[in-house]
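Pasting a structure below so you can have a look.
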Amino acid sequence: MELTGDKAKAWLLNFEAKIQEHKAYLSDLDQAIGDGDHGSNMARGTEAVKVNLEKIAEPETAEVLKQAAMALISKVGGASGPLYGSAFMQMAKTAKETTDIHELIEAGLEGIKHRGKADVGDKTMVDTWAPVVEALAKDALTNEAITQAVDATKPLKAKKGRASYVGERSIGALDPGAVSSGYLFTALVEEVLQ
Amino acid sequence: MELTGDKAKAWLLNFEAKIQEHKAYLSDLDQAIGDGDHGSNMARGTEAVKVNLEKIAEPETAEVLKQAAMALISKVGGASGPLYGSAFMQMAKTAKETTDIHELIEAGLEGIKHRGKADVGDKTMVDTWAPVVEALAKDALTNEAITQAVDATKPLKAKKGRASYVGERSIGALDPGAVSSGYLFTALVEEVLQ
Amino acid sequence: MVPVFKAKEDKIMKKIINHPSQVVDEMLKGMLYAHSDFLEGIDETRVIIEKDKQPTVGLVSGGGSGHEPAHAGFVGEGMLRAAVLGEMFTSPTPDQILEAIKASDTGHGVLLIVKNYTGDVMNFDMAKEMAEMEDIQVASVLVDDDIAVEDSTYTAGKRGVAGTVLVHKILGHFAHEGMALNDLKSLGDALVTDIHTLGVALSGATVPEVGKPGFHLGESEMEYGVGIHGEPGYRRDTLKPSREIAKELTGKLMSEIMTKKTKKIGLLVNGLGATPLQELYVFYNDVIEELAKYDVEIVFNKIGDFMTSIDMTGLSLTVIRLDDDKRTVALEAPVGVLNW
Amino acid sequence: MVPVFKAKEDKIMKKIINHPSQVVDEMLKGMLYAHSDFLEGIDETRVIIEKDKQPTVGLVSGGGSGHEPAHAGFVGEGMLRAAVLGEMFTSPTPDQILEAIKASDTGHGVLLIVKNYTGDVMNFDMAKEMAEMEDIQVASVLVDDDIAVEDSTYTAGKRGVAGTVLVHKILGHFAHEGMALNDLKSLGDALVTDIHTLGVALSGATVPEVGKPGFHLGESEMEYGVGIHGEPGYRRDTLKPSREIAKELTGKLMSEIMTKKTKKIGLLVNGLGATPLQELYVFYNDVIEELAKYDVEIVFNKIGDFMTSIDMTGLSLTVIRLDDDKRTVALEAPVGVLNW
């Protein structure tokens, strides 16, 4: 399936709304195994994304993705800023050649892995992105698949990011970045895939 | 009545015991209108007095009073140190000429007034010392007279020392220095006058 | 082993110490271990003194402990020659002060800088009398910068608080330049009339041996005009934003300092011990915006912990009149102390 | 008007601020108001930079806010050229770091000093890539002194904490002396392996926008090995006397540093924000007595608040290997910054 400029914009605005709604929840998740700022980091970032996107009258896929990347990189900070930022930057670059959703999200995942050096099973956002990419390859991305991927971070022991400091104690908690990525993909399902 | 060296020593050892016993109470009184250290200040000081006096095998009035003065001056600090210290220093000087108790305590009161510039009614230890001196002049010092003097500091507004900072709020509280001076004179009654 | 310190009411006091009664001595030992390159102690006393004494008037200050870095943190070239440390919140005794005076005198006399509290005044006075009997020239300057307290014949007068550190710095500079004792004394007496301070507290200070805060403020309360020993202030209020605290303090301080047609001032924002530096800067920002209302130039500032009250949260603001540029030069001069 | 700040659970946060979301910006404004004689900001960023830039390698550091005086308090001659301030406890963003790099370069390149946190590393890396695209020479040194955290391929590695300030000071001195970027980088890479830190907390830190402490310690609890953002440590315990804390920390730190047959060390006792200076000295005294067990000479020390965690009570101890006297010279060299 193709990601048009309009759909891309709608997707990211929906993502912003979800983040704002669940801001406190994301911070609480981060408080448990990190430093408690993931909600405010993402809220600050997606609000900047929204501001950037609202300026675009005739959305063009690569431009929308690039504007999102710029906003995330320059407003979030912390770990999630460069990671989400790199994901969208890679997507923007790829969008110059293809707007196929699977290929775009796969490029995003590569951006995250390149920047953060995390792998599947390290209890990071990668654990949401990787199964999503696989589902998209089979054209089978559903809210259930997303929830399943997010929930699967619970039993994992964190090996990357701030949560790795708590070691064993991270087991049993959801990864906040995996959860915020979950919202990104539910928004994708709602705005683009359905 | 005369203050012999033996009696002087017994008096001050009794004073020390009373201070140790009521240390917490004195600090609590000071906490209410001062800084809460009068009990520990006096405990530290009278303990040093005791150490000094126990070294004296054949007590001589002036020497006992001087040793007490030195201990109080060098161990108490705060406001009460120089005041009690000056009182005993004046008493020691006077003891070279007379050992009459009334004259000695009167000299002590002068020492306090000279050092602290407080007058009767300022809600300080002077409000215990002054009536005691008067009672001694009439040979009529009793525990009741002492208690009455101490209690009379309650309705006063403090005009000297740390308690003056709380102004009106000092009304209704006993003055800690007046109370500790009360113990000094009850000890005098017990060891010397009775 | 006593792992925790039970205070009254069975509350546990959270401090990194060994025993409440040993704090002052162990702190002093720690200071001497750390700074023996230029500071030394005097045996059997709690005096900290410069090793290398220039042939100038020696400045001696001190007071109760609990105000660190005051006063030992200001001993060194161009500031104090010696600091005398009392028990926690309790003036040191005359014999200790006397030792500091004797060790500080190089034949040019000694200037005592005393905060105006009954205890400090009397103990330093006694020490001065003793030193004079030993033929040492001694003068003293009394600092009473705290305008929270009424100054009248019916009180012990205004208290000496954070502004004392500015007196150390300015007089320390002139002493270092070789000024004579009498001149330092006159300069100091004039100086203290141009320094005004007001403090606010968000919580009380806990003296280790007492084990509970000197006063208790409710969850949403603050107090204006507190002293540095937990002396109560002039008003208890609900917690206000920094901007309003700045407005109240600058208003009161400026109306004091403007009685002299002041054109140039210096500012000292002093943390009371447990206040993060970030809050001191937020507050400084509000002070500056507040001062835009006045026709004065800010020619000097200092922000940090200088005269604390153990672990009190809160701050004080000091305004000093600097129309005489020599004072500013003295404040800006480099100095060989730990915490200026 | 909102006089009090309701945090979650309806607890009131006691801070001298205006609004939780404005703390960083107002603090920055306060700093620039106060120190415009030698520091300036860069418009539209949260960068604080030296006004007078020598033609040498520029050192740029930074990180989340809340660690004051780090890092802005260390900007000036002989130390950092610029500090980049992130949100509270959150790494600054690459575009801000890039502006700091551009403004710090005098043609001799820029050295980034980065604390080892995933966020800081990634943001500084991105900025470095961007700067290289603009043909600025950039190198970076990663500080990971916190031995509380296991260093393995299964973690993000050791954290950068108070020891970072020693890296600023030593590399700052050599940069000031004219050392080239590559040499500074090699020197820094070796240096960080010789700096080890451990912290203890008696209470958690409260981020203004969160409104409650990052972790809660019971009335008689303390935690060993905490990080500077409220990261949990390696053991929770009942509150111990200073002597025992000193024993535990020096034991762990010395066994780390003695792997290199160290003969000379330096010590940094760092308050975490709300710890009175008197406790830092009591603790220092215990550290020195503990170190008598080891055959090492203490040739440098520093005691105070350098890398704080907002209003956390607690402290950290850093041990640095100083067998190379050049490091000691660099640490002792005079410097033109606010809070060294």
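Going in written order, the chains are labelled A, B, C and D, and every chain counts its residues from 1.
Just so it is clear, a contact is a pair of C-beta atoms (placed from the backbone, for glycine too) under 8 Å apart; a residue touches a chain by one contact, two chains touch by 3 or more.
All values derive from a computational prediction rather than experimental measurement.
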In terms of mean CA position, the chain most removed from chain D is B
Averaged over CA atoms, how far is the centre of chain A from the centre of chain C? Could you give it in whole Å? 54
With chain centres defined as C-alpha means, what is the inter-centre distance between chain A and chain D in Å? 31
Could you pull out the residues of chain C that touch at least 2 other chains? none
So the touching chain pairs work out to A-D, B-C, C-D
Residue numbers of chain C touching chain B in their complex, please. 64, 86-96, 117-119, 122-123, 125-126, 149-150, 154-156, 159, 207, 209-210, 214, 227, 229-232
What residues of chain B sit close enough to touch chain C in their complex? 27, 31, 35-37, 40-41, 44, 73-83, 85-86, 115-116, 159-162, 164-167, 169
Along chain C, where are the residues that touch chain D in the complex? 1-4, 11-12, 14-19, 23, 26-31, 33-34, 65-66, 68-69, 73, 200, 202-203, 219-220, 222, 238-245, 273-286, 288, 301, 303-305, 308, 310-311, 313-315, 339
